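Below you'll find the structures, each written out as structure tokens.
Two complexes follow with subunit A in common, the first pairing it with subunit B and the second with subunit C.
Take a look at the complex of A and B:
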């Protein structure tokens, strides 16, 4: 029981990073980032190569993850989605474009990184014992780092000028423009930040689960489930969704064989959406 | 009733569906084109390529893939981006696999049955899920594809889990009063499968064409433009969107059933998320405003990649690039290239 709770906390904190990233992009630009899981996967591979192969410092690798994914996110917004917003005729267009970017990243990764499952050596060794539960130091490190990043992100969005501009953009695009904010620039930074969060989550979890070029869709779906539980575009919703999914997964993997957990999660999700289509904390719509 | 919807549609700024009421019947040009398409499928291709099982197999794949994508097109016509079609193809495939291998039911009975079971499941799941719009619907249907795959993986003795169901018998002969209409399908010759695939495709096209020019089609388009407005003029929105989704799932199920018999096997991984995405991509590449869009998109992509062996390793990569390029420079699909300035729809371009 205690082991389940410990595992749940570790998962929930890391999932929160993923959910916050996708929420950031969704609320600022009203784009669902289908490539979020692929960005997670690329983050994992950056750490695998820099830390696992080239033996760089783990924290230096994480900084590299932020740079690589930031550039990817920034270019997606600048070269693809900005143009799309100017000429979109159908609502589906931005979604289709997002699916296209996911396909692109996934297959680029498949061509470059191959299909093998990759792992990295542990960053720290040792195991802590909490009651009857064991918490390997590696997982503790990942959890603490993720927590620090979440708090840092929330502070950034709350108190910096750029963060304020992002929140304004999420509330009302036109008015933000009228207030003299360079909307395109803020949107590009927002996309870069969201992508970097996905990459960081990947860079952290690669030390626990490893990575392969096929995990993208799995994590995209996890991100979708979290924002559907919590409510899309709501920051507390993203965190709540991550907590729910993290614990359900940890409990399910402990008690049920393999993939039945996710089958139950999907079934539960559809029933949940029947009762509350806007998620737990989302505003009602349509 | 028809009038209101008609006016509603005419005020659509996008211009995609500026089809006047009098255009509902096929113009003689469109009839001619359609007849040419049918002739090519049923006469020209078998004569020219009949001796090459390889090309016939490729075209069979393209025909059924476009049939399945046509279903996705129907959900696009109510303004929903459906990423669950792979799930329903899987359901259709398993229905055929289980009924034919275990209970010895004839394929010809299983084929419509698999469509009906898929449609029933689609209606059941669709009723709550269709309340969602836009990205929410896309996310949920994407999850559904994964959910059905997991269901098949954990189905125990019913679906045989990861080992899948193999040795699915080929369709048997069909006869009335001792007169054989359809001979038994044998392994050496893919032509019977080809003809069946083309027959399904033509039937599907005619059915979807009839559907989209009937009152139901206008209701679907009104849902795409504005559900609230549609409700306000007395349209039972919930009912019609379930109908559209059911039609889509029906076609997915039939397509999946065909492939199960064609490949004689089915596994949980036969249809994954990337298949669901591909079905949608075919529709989009051909053009979402045209019934022929999915067919053009599928044939172009499938044939192009079968012919270009050299790039096959990078097929999916090229799909991704193509999708982004198309989205940015050709957002209305391939068929929009041939669209004349007055915006009239050319429904039957090849």
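Take a look at the complex of A and C:
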């Protein structure tokens, strides 16, 4: 029982960090970033090379992740999505473009990084006992760092000028533009921030799970599940979705045999979406 | 001679050299026959290493032969051309890939696919097109009559499992076992075969219904349950090289003190990088060419493989055999067999050659009659390894008949 709760908390925090980036991009630009998992994967590889191979300080490597993924996110928005937004009349076009960027990143990664699973030395070692439960120090560190990042992001979005502009853009693009906000610039920063968050999640979790070129889609799917539960484009919704998914997964694997857990998760999700398509915290009008 | 005349002469000489060079180069290229070999398997996504290792092995061997002027069959040297197709582990793509290889490319010999579902889907295409294929999937019906076009490329889990369990019972006093498998056809079949083998040997089965979804990276929830059963041995059925170190690490973090094993081949670099010291004592089937038993020819192959793929992969020690045995069997069956696989099949029962990848003087032949009622398996050595001080140490080397 205690192990189940510990597993649930750890999963929920990790998942929250993954879901936040994708919901941020969706809220600002109304684009479901299919390449989110691939950005997570690239973050993992940046840390693998800088910390694992070139032996740079782990936290310096995380800063590099923010820069690399920030530039990738900014470039995607500036050179691909902005142009698409101006030219295309149908929303499906940006969705297809997002799928294309995911395939591009995955195949580039396969060519550059190879097919093998990679791992890095642990940043901290040891295992803590909490009652009868085990919590490795590496997981605890990731959980603490993820919590700091989540709180930091919430404060940034709530209290900074750029954060307020992002929230305004999420609510109404036209009105934001009329208020004198450079919406293109804010959208590019928003995409960069979302990509950096995905990369940071990858950079944190590579110390626990390792990384490989094909891992992206799995994280994208989990991120989609979370934002569907919590409500697409709602930051607290992403966190709530992560908590629900993390605990359902932990409880399911503990109490149910086989892969009934994910069968139940997907069945439950279908029923839930039939009853509340906007998610727990989303608004019916979008 | 004026400068202009000199330039004109140099120009004409240049043209003549170019034309002659092109004619002679083109002439030699077109004179040589090409033998195309298909590689069909998963080359992207989380299981990419399985298919890519097949591709890299075939490309490496082809390079080595082509540098010597090609491979000789019936007194004629053939340039080996590898045609790879990624099936993404999807049966639909495997079917379309097999159709492309057999119908568009006219290929009769295919290495792969990698799993039961894709191998089974390719079966009707290969049989209708008159092609032989070498899957790395363990489903017995693929290789048993009335089917005869598939040849298993490696040691199956139901061949290695009982031997590993018996060894662990005798040497480590293992009395009980738990199984955990990925929720996919191949690993689940391997788990079921493993459970049957363990029961026959008298092991107590503590649990066998725990599975995880493909793509899982956090194994704490599923392994909490498995470790909680208190078995002496946890078998990771059909585990992929990407998942094995994470499962091992998680089991050790959950204070599991027993033995962990699998019947699939793993990669020591991945185990060391991801699981670290937690991988010590892990038992697995090895690539069939571990450093202790390699011949000079295998060493040469390893060096070239590193150039082709970037780094060595232990799986390649097993997968190096497929192209080698295809070419050697074609040599025995004669050039007509290149387009007529029935001639190839007729040569299989009596085919034998010196194993070029082993130091010792051992035979390489088709085996598997005891399992499939016909010789439809490459007789690669069965190497069982244990991780010791961050390296694979061969526990024993056996064979399948």
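The rule is simple: the second predicted complex is superposed on the first by the 276 of 286 C-alpha atoms of A that agree within 3 Å, B and C clash if a C-alpha of one lies under 4 Å from a C-alpha of the other, contacts with A are read in each partner's own complex, and residues count from 1 in each chain.
The rule is short, and it goes like this: contacts are C-beta pairs under 8 Å (C-beta built on N, C-alpha and C of every residue); 3 or more make two chains touch, one makes a residue touch a chain.
Values in this document were obtained by computation on a predicted structure and should not be read as measured data.
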Following the overlay on subunit A, give me a clash-or-fit verdict for subunit B and subunit C.
-> clash
Between subunit B (first) and subunit C (second), which, if any, makes contact with A:195: first, second, both or neither?
-> neither
Give one of first, second, both or neither to describe whether A:217 is in contact with subunit B, with subunit C, with both, or with none.
-> both
Now for A:116: first (subunit B), second (subunit C), both, or neither, which partner does it touch?
-> second
Mind working out whether A:166 is in touch with subunit B, subunit C, both or neither, as first, second, both or neither?
-> neither
Taking the superposition as given, does A:127 touch the first partner, subunit B, the second, subunit C, both, or neither?
-> second
Does the superposition put A:259 against subunit B (first), subunit C (second), both, or neither?
-> both
What is the contact status of A:107 with respect to subunit B (first) and subunit C (second): first, second, both, or neither?
-> both
Considering only the touch criterion stated at the top, classify A:84 as touching first (subunit B), second (subunit C), both, or neither.
-> first
Looking at the overlay, what does A:52 touch: subunit B (first), subunit C (second), both, or neither?
-> second
Stretch in clash, subunit B with subunit C, out of 95-103, 203-211 or 257-265 = 257-265
Residues on subunit A touched by both subunit B and subunit C 106-107, 110, 217, 221, 258-259, 262
Mind listing the subunit B positions that touch subunit A in their complex?
-> 14, 16, 76, 79, 81, 125, 128-129, 131-136, 138-140, 142-144, 146-147, 150-151, 153-154, 227, 273-274, 277, 280-281, 284, 288, 313-314, 316-317, 319-321, 323-324, 327-328, 331-332
Touching subunit A in the complex, subunit C uses residues 43-49, 52, 183, 209-213, 215-218, 220-222, 224-225, 241-242, 245-246, 253-255, 267, 269-270, 273-276, 309-311, 313
Counting only contacts in the complex, subunit A reaches subunit B at residues 26, 32, 80, 83-84, 87-93, 95-97, 99-108, 110-111, 217, 220-221, 224-225, 227-228, 232, 258-260, 262-263, 266-267, 269-271, 273-274, 277, 285-286
Going by the contact rule at the top, pick out the subunit A residues touching subunit C in the complex.
-> 3-4, 7, 10-11, 14, 52, 106-107, 110, 114-122, 127, 134, 136, 139, 205, 208-210, 212-215, 217-218, 221, 249-250, 252-254, 257-259, 262
